[in-house]
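Here the structure comes first, spelled out in structure tokens, and everything after it is commentary.
By written order: A, B, C and D. Residues from 1 in each chain.
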Amino acid sequence: MSSKITPAAVSLPKKIKVGVLGATGTVGQRFITLLSEHPWFIIEALGASERSKGKKYIEAVKWKQTIPLSGIGLGGVDGAISSTIDLHSDEGRVADLIVRGCTPEEFQNCQIVFSGLDADAAGEIESAFRSSDIPVFSNAKNYRRDPHVPLIVPLVNPSHLSMISQQQRLHSPPLSKGFIVTNANCSTTGYVIPLAALEKAFGPIESVLVTTMQAISGAGYPGVPSLDILGNVVPYIGGEEEKIEWETLKILGGIIDSDTNHEGTPLKTFDMHQAGGRPSLRVSASCNRVPVIDGHMECVSLRFHRRPPPSPQQVREALRAFHTEIQSLGCPSAPRKAIEVFEEPDRPQPRLDVKGTHNGAAVSVGRIRQCQVLDIKFVVLSDNVSIGAATSSIMNAEYAVLKGIVS
Amino acid sequence: MSSKITPAAVSLPKKIKVGVLGATGTVGQRFITLLSEHPWFIIEALGASERSKGKKYIEAVKWKQTIPLSGIGLGGVDGAISSTIDLHSDEGRVADLIVRGCTPEEFQNCQIVFSGLDADAAGEIESAFRSSDIPVFSNAKNYRRDPHVPLIVPLVNPSHLSMISQQQRLHSPPLSKGFIVTNANCSTTGYVIPLAALEKAFGPIESVLVTTMQAISGAGYPGVPSLDILGNVVPYIGGEEEKIEWETLKILGGIIDSDTNHEGTPLKTFDMHQAGGRPSLRVSASCNRVPVIDGHMECVSLRFHRRPPPSPQQVREALRAFHTEIQSLGCPSAPRKAIEVFEEPDRPQPRLDVKGTHNGAAVSVGRIRQCQVLDIKFVVLSDNVSIGAATSSIMNAEYAVLKGIVS
Amino acid sequence: MSSKITPAAVSLPKKIKVGVLGATGTVGQRFITLLSEHPWFIIEALGASERSKGKKYIEAVKWKQTIPLSGIGLGGVDGAISSTIDLHSDEGRVADLIVRGCTPEEFQNCQIVFSGLDADAAGEIESAFRSSDIPVFSNAKNYRRDPHVPLIVPLVNPSHLSMISQQQRLHSPPLSKGFIVTNANCSTTGYVIPLAALEKAFGPIESVLVTTMQAISGAGYPGVPSLDILGNVVPYIGGEEEKIEWETLKILGGIIDSDTNHEGTPLKTFDMHQAGGRPSLRVSASCNRVPVIDGHMECVSLRFHRRPPPSPQQVREALRAFHTEIQSLGCPSAPRKAIEVFEEPDRPQPRLDVKGTHNGAAVSVGRIRQCQVLDIKFVVLSDNVSIGAATSSIMNAEYAVLKGIVS
Amino acid sequence: MSSKITPAAVSLPKKIKVGVLGATGTVGQRFITLLSEHPWFIIEALGASERSKGKKYIEAVKWKQTIPLSGIGLGGVDGAISSTIDLHSDEGRVADLIVRGCTPEEFQNCQIVFSGLDADAAGEIESAFRSSDIPVFSNAKNYRRDPHVPLIVPLVNPSHLSMISQQQRLHSPPLSKGFIVTNANCSTTGYVIPLAALEKAFGPIESVLVTTMQAISGAGYPGVPSLDILGNVVPYIGGEEEKIEWETLKILGGIIDSDTNHEGTPLKTFDMHQAGGRPSLRVSASCNRVPVIDGHMECVSLRFHRRPPPSPQQVREALRAFHTEIQSLGCPSAPRKAIEVFEEPDRPQPRLDVKGTHNGAAVSVGRIRQCQVLDIKFVVLSDNVSIGAATSSIMNAEYAVLKGIVS
């Protein structure tokens, strides 16, 4: 795989113009908030539905972030962390950008677009951008199952970006720059990171049982009616369990030679536990909505193929030691530590720990102990609006830039 | 077992005088609320700590029930359900009872006492009452692990009351009327009822994984600080996982001949999966506190010994068909249906369904489906302050009355 | 006024067939729940939007009440309170009724219809029913400001029903049976009841400052997004403050001779503090949404015209003594006590006291004390889904039946 | 007044060693969090109860802040904002400090102590520190009513520090450095800032009605039991209304010559609306607890002495223009803007706006509009754990340093 990805240039990347699709939605707002402090990326264009097109962003959006919109700049921030723009400067403000329609023509200046589109719009729009040779990093679910589209959790499988060249080659006509990369569902992202760390240290996992307690922000806005969730638990999130069970296989599987190849071309495919691939992995998920603002909690029990299995202490050390390629490469949004391990018996907790020390870009694991039925159990907390959504898209794009996939 | 328990008299029981220990606490208040509408039991005496002794109950208690204390009568209610006393009658009111100390001397008129005592007080006090030949039905944890004390979930194993004769015989001096019976921890009670139904229908279960989302009322009052739980999940409840894992074995095991008998007397003991008893059962619990007032939700995955296992549809039917001895006998607090099975994909939910149609005396099961790792998974909801606490104690006492164990 | 209302028949009313408009909505569900236990009224027809028309009610509705829909009967319940139907009887169930369109033709058998319609539909539909000579008791806001439509809080101003004859006479062609009666906004209803009690005892109030903390159920379903209200307060409810300030004047004002009369007919009008009517009343409202399921709390400060004003103790006694005509007449839904006065310093509280001892048909007042700026301040709690909505409509209809206005 | 306070030195203050009393409590933790980033102050000593004395801070405290204790340094931070210490440096960490007893002997190195003590301990301890010539800036309520102790809201009346010289002179023996300064109750602090802004612009206010909706963090930890507040409103906070009503008078009053002087010395006293002082001000408060983590919301209605009163637009402009001495002087914790005025109809909201753009050091005002009963009404939001507590103490100390009152 490494041969397919150009090594990163030594020098720091130049400023890169980016667009945001679905800019007025929950995920779009989060993209904008993160990009406004980004050292490389500069917000060039915002796209939304017809209703918003032509308006100033501040008039089109119902802003729901805790940082006021008036303090949000366009990104490309040099030097140290600067969370607010200087109000006296002439620098641009996101608030004043004119919202565009979601068509490739209106984003020709963008080298990358991030998509926070809803699933009902994302399918056609993202495809159109790809066809126009604009790379799309999407948080939408539409192309996650596509056999040519990587489904990437940046702390786990960024190497799957190697599938992009095949995705471009098989497009008609073949593409030179356009592609689609997706990141995973928020509840998958959170728990698959410790799974990856454990597979790296102890070899394949055989089975995983995960019970989630998911925050309301995972459902967007207006999302969950308050009458449904205040003082309540809803033991069902439509389609969520299937997503976790399926996405985990694609993310933790490798890339293998495909049995079927049409037109005689040899093809790569994602290893969904076909013969010849990784040992089987079974996943069972139970998903619940709880009255928490941000932060998905997941109770995980798992069994390794290896007998005897590692001890809780070995698991603890492996999680602490987990270091990933995007950290080594120096992706600016990568957390210093991928997994924060808590020793306190009652931590992590979403209200106290969701942001952690890495602004939600890492995950937290606690209560690592033996499972009486499988081998090991623990709890994992992830920030569903950061690592579980926009932050992962942005890290994927950073990785692609450093690898030369985006120029 | 049946030979050891005298069959119920045909005629309805006479009025039975009962006492409540720990009457000012959360569980004590719940005992009083339930007993005030009971057809047989009449509240004769209330016991609490030294601080409350000698005061009128209304002055000693910080009443936290939704039914006003002024409307709470002494029980022994004839005929139909009457939730409030006639304010013009001369009948006694709980509010006016003088609180007593928790000593057997002050409860000599009581044929039964119910204990809602805290664990730090329950040990000595309950033992003193037993020694004074007063039967104790206790919600406290102190004697649950005692090898001579039954741990009874009334919809599951009331037949374990047969151990009482041995408990009385081994006491020095032997007792004629006194004994201690405990009910289970609230989180155990809820999920062990569907387990019992499934074992009855399909034979032994081999392993169970349960993840709980428990209501704040399970921690009593003042209990959980609001700063800890508002908009939060706490992935830890001290001692709770061990209780579930251990109590399940005692409740679902039978009673067997003991290997060891001192003084040459043949002894019975609870089957904790020793050789010769029931097939092994492994239980793994993960307990969480969630911001819900009443109602413990539990996500359960289980594997049967039987291969192939039953289908989700067979499980559904078995749960619906579950009918227990305390229902057949006519215990007045027994629910018409032990298990309510929901077909809606997003039910049961604690806020909507915790009381159900049986005032919290039954449990609700939903989302019955295949588990990719074990065999079957589902969610169960139980009312932790009813079936999970005082209601079970009262049903145990009703059963004991109908079986002639309490006269 | 009394001369215009026929005295009630001595005998109990016969069964009366009623319809519910907007039957699938939040208020509609509440109407159905209450009517299913009503001694006089029998649910004959349910109306909803085109989308639901023709379906069985159970298939058209997203049922959100804590009593299961399967246990909801058609009402006309004889004798004692019976909260669930006998499942073995042949009696009808609401679940099986076929939903109709909201046209008068489909409700010809109904002697009364209750309207839980949304404001965008209520205007035309309610008018059409009136024109078809079907009496409408509406919870919608559309006709509340109509100078010929009574705005009635049944514990305050049911005598305003005397305006119905003028409403019928001025219709073209004049109506013999049809009319529209509205009840007030939920936040107005709660606090205007103690105001009425105080005006009855101490004469006119000069000014009132009310700050509300309103439950989410007041906004219907889906209503308030959970992201907006969980762990939050929203200091704004669109149009609510104006409603309180205006409705209070209409409800507490009397009926006076109008200055203007067209076609020479002498006309009555509601006293909105014109010359010659009641002394002036100024109302200032500040409305907040809080994360409470049911129950509007309102902090009220007021000043009387009378100098010196009554003492807190006199106010307390006047509120306790408040007894109204609908109670004297024997309206079946009227509470035994209109106002529950709490002495405890920290009560009433919505979670504990919203239903009170009258199933939400009364209001609770607490913390009566001197105000340093006006005269007296206190807090009032009302059940916004009961007395604040459907219960008031039903009490208005009961009163109309007993007065012979509905036959 | 200005003649009594030495002008600030031109040069920046040197590092100043400070202690924190009550360091393990909620307010103490907040003091430590703020001081760890302070440019002048360096944490030298932490004091707590006997139970904690001698332990490392990390072992004595139940840390409840969202920033991990491991990242908390000792303060005296040069240059830009640096929220976490460099983990590789040799710099001290608060976690490793040994907790001391709360006696002056153990704080001899401290030039200032901040007190987050509970009221039951603060009285004696703070007095002992003053007698030992150590200046105390206290968040406790004990000395707020003392006629010689300033009660200071730093954005309102820092000039009251001029009373310190009299406080020192009247002590026996007279003090050269020791004194006690208090800050106000959290609910007083929030709303008195806009009141001060309006009095500055439009002259004296005649009457104020304030209804609060206060966050649970205002009650400390464990504080409010979750069973009392989840999904609920509690219309009572013991002593709170009296505090607001009384403190407002002391804060908004000036300092006047006292009528009574013993030993012939002329004395100054706080103007509590005695003859000769400011025009009368009447305050009426109604206090409620709501299920919000941080942020007190207060609905305020007020009447000016001036007739005609200012318009809502004039009020808006006056609040926006409010600039205070502690801002002009350059106190490092002072916000750039004292009052943030919102135009959106539904803002401010505690969950979104509590920290604002000034990390909780400013207040937010919204919904400025006419009041039908008094003149003007609006809503004010303040961060009860920042400006409402530790932040105000720290600003008071900064002001005292700049004025040369603390050396």
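Throughout what follows, contacts are C-beta pairs under 8 Å (C-beta built on N, C-alpha and C of every residue); 3 or more make two chains touch, one makes a residue touch a chain.
Worth saying up front: this structure is predicted, and the values here are computed from it rather than measured.
Annotation: the chain C:chain D pair of sequence copies touches via predominantly the same residues, more than half of the used numbers being shared. Set against one another, B-C and B-D show the most C-beta pairs in contact at B-D.
Centre-to-centre separation of chain B and chain D, using mean CA positions: 50 Å. The geometric centre of chain B is 42 Å away from that of chain C, both derived from CA atoms. With touch defined as above, residues shared between interfaces to two or more other chains in chain D number as follows: 64, 230-231, 291, 293, 351-352.
Only residues 64, 66, 68, 71, 80, 84, 230-231, 293, 351-353, 355, 357 of chain A touch chain D when the two sit together in their complex. Residue ranges of chain D in contact with chain B, taken from their complex: 64, 216-217, 221-231, 291, 293.
By the touch criterion stated above, chain D contacts chain C in their complex at residues 207-209, 211, 213, 230-236, 238, 245, 282-284, 286, 288, 290-293, 297, 299, 301, 345-352, 366-367, 371-374, 377, 379.
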